[in-house]
Amino acid sequence: MNPEQLKILGSSFLGDLLKSVNLFYPETALVVTFLLAILVDLFTRNRPSCKMSGYVSLIGFFVTAIFLCNSPQGMSFAGTYAVDAFSIFFKWIVLITSFVIIVFSFFSKELFGEERQMGEYYTLIVGMTFGMFLLSGATNLILIYLAIETMSMSSYILAGYTKEIKRASEASLKYVIYGATSSGIMIYGISLLFGLTGSLNLSGINAYLAGNNVNHITLLISGIMIIAGIGYKISAVPFHFWTPDVYEGAPVTITAYLSVASKAAGFAILIRLLNSAFTIHAAGDTINTAWSVMKNVDWTMIIAVLSVLSMTLGNFVAVWQTNVKRLLAYSSIAHAGYILMGVAVMNYTGVSAIMIYLAIYMFMNLGAFFVVMIIANHIDSEDLEDYQGIGYRSPWLGVAMTIFMVSLTGLPPTAGFIGKLYVFTAVLNSGMYWLAVIGVLNSVVSLYYYVKVFRNMFLRGAEKANQPIELSLTVKVILIALIIPNIALGIWFGGLVNWANASAAMILK
Amino acid sequence: METNIFIQLLGNNWIAYTAIAVLPLGFLLLYALVAILAELKVSAWMQDRLGPMRTGPWGILQPLAEVVKLLQKEDITPDLANKVLYNLAPYMMFTGAYAAVAVIPFSQQFVPSNINLGLFYIFAVSAIATIGVVMGGWASNNKYSLLGAMRSVAQIISYEIPAAMAILATAVLASSLNLNEINTVQDGGIFNWFIFGGPGPWFKVFVLPFTFGLCLIYMIASLAETNRTPFDIPEGESELVAGYHTEYGGMKFAMFFLGEYVNMFIVSAIMATIFFGGWQSPFGSSIMSGPVWGLFWFLAKVGTVVFFQIWLRWTLPRLRVDQLMDLGWKYLLPMSFICFFAIALWKMLI
Amino acid sequence: MNLVDIVFYFFAVIIVASAAVVVLSKNIMYSAFSLLFTFFGVAGIYVLLNADFIAVTQLMIYIGGILVLIIFGVMLTTKITGLEMKTGITGKAQYAIGGLSTLVLGGTLIYVFNSTSWFKSPSVPTTSTVEAIGASLLTNYLLPFEAASVLLLLAMIGAALIARRK
């Protein structure tokens, strides 16, 4: 290429670039926040436990939220990044979670107990948010891979942030090893897919697959490999091995973060991949149009099997857990299974159900982990046995935890019920009755261990009532702020459902 | 234009390729002899001595005698050394050094391999020599060797970055990574060399400090990369006996030694090529220029830089490890970034 | 068999043989140094595929960066060099399972590679790939390129964090 050709190429790209920059304000705000957080940290170096860069991150998230509100939609950066209602929905989930997690961190004794430098903590959370933003909109395999790596790289370090605690370092190391393997598998799958179709953009892959007859087995293998990489992020069985250890070892805030945000981002990319690359699209698709998934590989069955495995294993193993974080880890595996049911449906009703579920799951899981963290601050334990009598020692924590647990089980009138309701409805509508039956049976099993948590809090250890746990006002406010959506979304869910429905069909190809 | 005289003369066949591959080897062996002699003599004169005087007239056959001595020595492998790696290391080191010669433009008419990635390639293959150093240091099973190797690698890695920035800046100025093209661009006399900002209008004086600075930075970094004084802590005899080649003797030591001198040649050649116009005549392309003059100018420039390196060796004391790291990371690196940005900005504006 | 084939098999043998040493060797230093030849062979294959930039990058990053880092890590971890690695003392069951899964996986991959009709891009005679790569990075792949910088910065911060004493 000579300079003249390069100039022509450059100017032809300039228009696209200018358009893309307009679509990229939220992410740009995140990157600026990321850099500012480092700089601020540099100037507050000498004051350990300084929350300055945490505040900077919160302000940055706020600015990002403003940009996200007004974000236009469209394809950007030469078709590598889609800004559509679908990705914006997921970005909201990620952004809210990140915001809440940073607020949580201010209360964590685990993190602030030692005179620890906390600057990088916020920086890494902002960086991870950026990775998840990219992931929810990526339509190019390379960008998908990079986004997953950005997200993983930060989460590896965050999981071991309290590195003097052996359990945390171990968690971090396990996470890295599993993560490296799964991303290796994933990039191998990507290379196979590229070799088959000659394209890295999902739209290009889709066009090639629709127009040409490709080898099914190769496509299957590459698809499974890519799904393995994503399955690792959403901790679906059989890619879940890291989950219990990492959830147990990581600081509670990070556990909560991993269980909500990176799961949401993983689902976003899974849905986008299936929808944009492996589904044949006709003009005038609406929310009610069923996807015509390419017949060469039975994606529905693959996802359904993953779903059944995840919920069954997650729920049954959770029953035996005595550590609350571990219990919640298995519960999160089970929830990945429920959400995967919605993916297996392979239509926009399913996608909308997933989005509703994830939005609700965010509130209930964050709530549960917040209570775990506050309890750990006071009794230095995450053991289920030590939870005896918490309900008497602090009725606030007991009631809050009960609500979150009920919500996680999916009983009315909590929000969890609405989430499950929509997912099961989507599954039933698509005619996969067996899947729905397994799902319901699993929910029954989950009731057992969720009840176990608040049974310990209220029905045992009443004699400890004389050692009350005093909560500060801010903690109470946060608890209320987390309880409200869990109840409110169970009663007034119309807004959320409408938003999810409107966003679900808006996946740009 | 075909840039290789052997392919022009012998045709595109294996004879030509063999000649291209072997000729620099012969040249480098000769160069090593001269360089060793220069080192002996320069050090002697700087210290007001005569230096070797007995072998041949004024001792000019001294390096030859040294080589014969090394060749005759018994080939010893220490008992507890790791045999395979111990014996492989010197060749590794020399291979890495010699591989870089492949892209050096000796003259307009003789670039062994005129590839487009020349600069990048040189940087990449120098890694092989690094591996050779580590291999030798570890396989010797000697703590001085190991320490020397680790220091050497740490030093090379640290100083590779400022050196790479300097090289990248010239690549930006020349819009090419091809060494021969970089030379061609610096046509038109001494003030068009990249040390003086390259060809351009009078207001290139604004960029001149930066190119000049980068030249200095590269000079310093290249000294560190070749483990020469004042950066010879990997071999500092007062602390580490002889660093990573403590256990080596005879022919294998000669290989290491040769590898180091070839490395010296390479960095000097890069410097001559990217900052001093390589085979370009300092008086412009009409006076004293042509393939043969090109070879002369190139060798003259390389010789000057090599002399400068020797001169420094006998002038400056050795740095401490922490000073070495400070210099590399805290001074050279930021400075090289600043220079690089300035040059890239200038290139964008003109 | 033409020259290209011969060169290909030459590099292929280097890669496979040295990779086998990496896996099977009981001495971790042998593994590390053997990796050098694997990387080198891969770079050779890249050259054969006319991907000169990738080849040199391979040398630069894998040999100059990763391998040196591995060896450095091994040397700084004093106890590790003499450590017996558990490569030969596993039981028969592990051998059987490992061998079986290797066979199945290898067989599947070989079958897949032979039976698939891969996408063939029109072959364009290239002289140099640098300009094309540069142009792609700043046009079609601008976002991945920029995102990579954030990723690297994150990784750097993380590494500094892990290395810090407190």
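The first chain written gets the first letter, and so on, giving A, B and C; residue counts start at 1 in each chain.
Just so we're on the same page, a contact is a pair of C-beta atoms (placed from the backbone, for glycine too) under 8 Å apart; a residue touches a chain by one contact, two chains touch by 3 or more.
From a predicted model like this one, the values you see are computed outputs, not experimental measurements.
Colleague: Hey, how would you classify the chain contact layout here, line, ring, star, complete or other?
Modeller: Shape = line; chains linked end to end, path left open.
Colleague: Can you pull out the chain pair that has more C-beta pairs in contact than any other?
Modeller: A-C
Colleague: Based on Cα centres, what is the most central chain?
Modeller: C
Colleague: Report the inter-centroid distance (CA atoms only) between subunit A and subunit B in whole Å.
Modeller: Computed from C-alpha means, the inter-chain centre distance equals 53 Å.
Colleague: Cα centroid separation between subunit B and subunit C, in whole Å?
Modeller: Distance between chain centres: 29 Å.
Colleague: Hey, how far is the Cα centre of subunit A from the one of subunit C, in Å?
Modeller: A distance of 31 Å separates the two centres.
Colleague: Which parts of subunit B, given as residue numbers and ranges, touch two or more other chains?
Modeller: none
Colleague: Along subunit C, where are the residues that touch subunit A in the complex?
Modeller: 108, 111-112, 115-121, 131-132, 135, 138-144, 147-148, 150-151, 153-155, 157-158, 160-162, 164, 166
Colleague: Please give the residue numbers of subunit C that touch subunit B in the complex, ascending.
Modeller: Interface residues on the subunit C side: 29-30, 33, 36, 52-53, 56-57, 59-60, 63-65, 67-68, 71-72, 75-76, 81, 127-128, 130.
Colleague: If you look only at subunit A, which of its residues touch subunit C in the complex?
Modeller: These residues of subunit A touch subunit C: 1, 6, 9-10, 13, 17, 20, 31, 34, 38, 76-78, 80-81, 115-117, 120, 123-124, 127, 130-131, 134, 140, 142-143, 146-147, 149-150, 153-154, 156-157, 160-161, 163-164, 192, 194-198, 208, 214-215, 217-218, 221.
Colleague: Residue numbers of subunit B touching subunit C in their complex, please.
Modeller: Interface residues on the subunit B side: 82, 85, 115-117, 120-121, 123-128, 130-131, 134-135, 138, 146, 149-150, 153-154, 157, 160, 177.
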